[in-house]
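First up is the structure itself, then whatever we jot down about it.
All chains are identified by letter, namely A, B, C and D, in their written order; residue positions are counted from 1 within each chain.
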């Protein structure tokens, strides 16, 4: 039962494909109480912003069927405090760290990237494109391929060549493949999907929106079918681009589903709220599933569900046609 | 406990706001075994096409967390058989009928509408815009405001003036409000939302897509937060336009949620698969909820969650600021 | 428009007994409205997972037995496959269960006292005993052929031995009866007993094989198929398979309301999972615009 | 970065007993790891709905009691509000329950044997008895003020009478003790017993009122707040409220890890549900770019 679980984001090797999703693991120290963060592929930070942010008013959360809505509003300490306290804490413990960044203008994203360039301990930068573009009437970058590409190109141009830049996509678009392609053309080394689709719920007692912010991001198993579809479509169109898949992963089976669709890394978000050990459990379950199906390497399973109807699994594995 | 449950789609009065969703009640006779169809607001037909259609291969269904994926492919008897057998059956029983139509070109939608013009028993026409536009590389009409508006304008121009034309929108767009606005500008008397977002699941045993059609439409409670958000946004932007809300309604509470968001009619789809009596149960629960909260008229609850933070419910009801 | 012969009802029944039968679970549920309307071949659909469940679609199970106790009980037999059946396996006496039934078109019964071979695969055998009962009441001779992968998955062997003139068992691993499949022994049984008709319930590949045998002997065969179902009442269109109609035209028909029982030779087994090019309404097919 | 003083653990505990206490349900669960780490004021979070549940977020409950039986049990008391608590109310002895705990910062205890008034509202009272116990072990005097809407919602009146020097009860409908709210009687109690410190747990409006009274008397007050929580372990950022830090700066702090116990006067009760303009990182606030 020894499966080679290593995977790659660009040139960065991760010991295994299970990482935390942005904004779902706070500063890292909270989860470190439960397990050694070095045992997972990487930790993704919350989306770091230039200034400290107090976020949105409460209620920030509402439960929905097999999911939840959140409207946190990128609460965080700002990049200075992040570089002073949170990143060094992770670096000291040799935790592979994907730093998520969020901004309101291309310039702000770029400035953030510049601040990260010399910081030790940045394994990759994930660009959270689901932020309102204050120069385009608050339209979210991720909904517009050109705006997304501009952010990515600018971030890519200032980041160190050996730090992959990951573009995080939203499902709230007409055609996720065209946004993905624009980001790759703009220089993205990898893609990450999906960020939360926009949802809403109403408190039928108060007869008001449940969230103070009215709308919020939907997460959890409810959105997994959207995540699988986005990963599938993008992997089919851009088979060479590494994908971080996420959206409603609760179990090893769910992670395997995203891997079969084309993800080479799987991020766990909402499941962490339910089970602080979720990442390790999912990793174990995934490894067992792979072993039970005779895989020697995780890489051989990536995108495997795309093989043509007649083709057997063996065939694919023997030819080592992995998409990595 | 007597609440006035009447509601209006344009000038068409429905005895109550609970109707079936397109494609979820087959020809009507199947549900008629369980209850008198005259007791619900209306029955929406499956999307009628010009020619008979065999639909998609099986498996056509996969269960997902709090939802399901379907890829039926508009299986149906075609408009001739529909007009010969299904519509007369409904008309004989005085069942209010919303006829859903689906086509591959503007011309096909228009031809369908023309066939319906003189048919007795058509209360309204719902235009299923989530069909691939064969003149635009299969891009779904609903994803493009201009294409949607063109279909609506053409259908509107041939339908009798007293039969409302309802545009059915998809959540898989960058901005549902702009598509809604285009449809209303094109002549839609009402809007219906949401059709199924595109999803996918993979059978991790077979390591293949669960559906023969690979992707399918996601329905059920999982998508209710998307439906509430779309209804809310469109009602906020176009407060005078009647909205048929749908997406994951299982209970009277869920219907009330969509009504508070701005729907004046609520369609029930997937819930019918779980509970053949769903429409009547939801209607009863909704009426009880309204009565318990002191409403005398359903109309007073429509869009009520939009009232400004300070405003009380009473205020709204007293001024009869209903959005109908 | 074909009317379903029996009007189904929805009932919240109480679980009376639960039992294990080798590899299977069996639940007996008090459901008078369903028991009273039951005819052999009917199935029920069951809501699973309880109040806050994330599993929304009903699960279909053939009715194994109905009894008059407590104004009417139904029993079904199942194997644990996924979350729904796992949840059902945890039910205990006095729990409530939401059932809709009886569903589907039952097995048509011959008018005359003919000789019938009843073929069951895995839990499919569970459906056959009420059929056998009805046949015997009409003076028919009944012979059983039951098979499964292994001994613990052959359902109802004892009861078959009690009821049938002959009972032939097969297992793929040889742990009970003859090693092999039911289709290996079926020709012999048909010839020996001079069968007039075959009734079959089991996995689709078995039904295909059984149908082929019956066709070879030129005797009628009634099969109860199993397709993925979301509603069981004919409204969702997920459970279709290609079936040749009386007019010779292939249509994608719903197995929940137009089946699950079909004349075997009418089912295009080789084309299940596809839309045959000559089916009514097939994409680009010649039958477009055929009413 | 503040470290949570106690490391929480996740345990799958067995329900030992279930009981009704007036309007409330109480569950005792065998959870040695949690019981052993417990300090008064801690809470647990509970997974609800079973294997296929659609309710994904954990539910938070104050720990009412811990006992050494079966290597350690914890008990919590709850009222049925929505689907999660409805499901919990259906649990029976021997069912298993997935708990994470102990969570949060417990009540700080005074070094000296001072006089403490413990104020509880509704099920908030359930938290106070382990506090009272710890205080009495340090030689403190304990007086109770418990209130609720009606008699059946006043939790622990009997136990308070046994443990406290004095116990004052209030109900809004006058069905038990004095008609009114705890804040109506609290000034009198504080004055009578010459209280040195107040401990409070209950609904937010009550905590605000209790804090105002304590501030008026210029004595410290420790309140355990209740905010909507999704994770309970500090990773989701949903449970924040504006709290003034030692440096005088208001921050949106997580009540699950930095609370639920706070010094009352530090909580900006009037601004709960908003981002005060002067909070660190408030939109457009003067504190932008403050590290």
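To be clear about the criterion, a residue touches a chain if its C-beta (ideal position, glycine included) is under 8 Å from a C-beta of that chain, and two chains touch if they have at least 3 such contacts.
According to UniProt, the chain labels map to these proteins: A, B = Dihydroorotate dehydrogenase; C, D = Dihydroorotate dehydrogenase electron transfer subunit.
Since we're looking at a predicted model, the values are computed, not measured.
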| item | value |
| --- | --- |
| Set of chains whose contacts include both chain D and chain A (Dihydroorotate dehydrogenase) | B, C |
| Contact-richer chain pair (by C-beta pairs counted) among A-C and B-C | B-C |
| Far-end chain from chain D, centres as C-alpha averages | C |
| Distance between chain centroids, defined by C-alpha means - chain C, chain D (Å) | 56 |
| Intercentroid distance (Cα basis), chain D paired with chain B (Dihydroorotate dehydrogenase), Å | 46 |
| Whole-Å gap between the CA centroids of chain B (Dihydroorotate dehydrogenase) and chain C | 35 |
| Residues of chain A (Dihydroorotate dehydrogenase) touching at least two other chains | 65-67, 220-221 |
| In chain D, residues with contacts to at least two other chains | 54-55 |
| Overall pattern in which the protein chains touch one another (line/ring/star/complete/other) | complete |
| Parts of chain D lying in touch with chain A (Dihydroorotate dehydrogenase), wherever the complex brings them together | 1, 3-4, 7-8, 10, 47, 54-58, 100, 227-231, 233-241, 251-252, 257, 272-275, 279-283, 285, 287-291 |
| Residue ranges of chain C touching chain A (Dihydroorotate dehydrogenase) (in the complex, touch as defined) | 54 |
| Interfacial residue positions of chain A (Dihydroorotate dehydrogenase) with respect to chain B (Dihydroorotate dehydrogenase) in the complex | 64-67, 69, 143-144, 171-175, 197-202, 204, 207-209, 214-215, 218, 220-226, 228-229, 232, 248, 253, 256-257, 260-261, 289, 293, 301, 304-305, 309, 313 |
| Contact footprint of chain D on chain B (Dihydroorotate dehydrogenase) as seen in their complex | 65-66, 221 |
| Interfacial residue positions of chain D with respect to chain C in the complex | 48-55, 83, 86-87 |
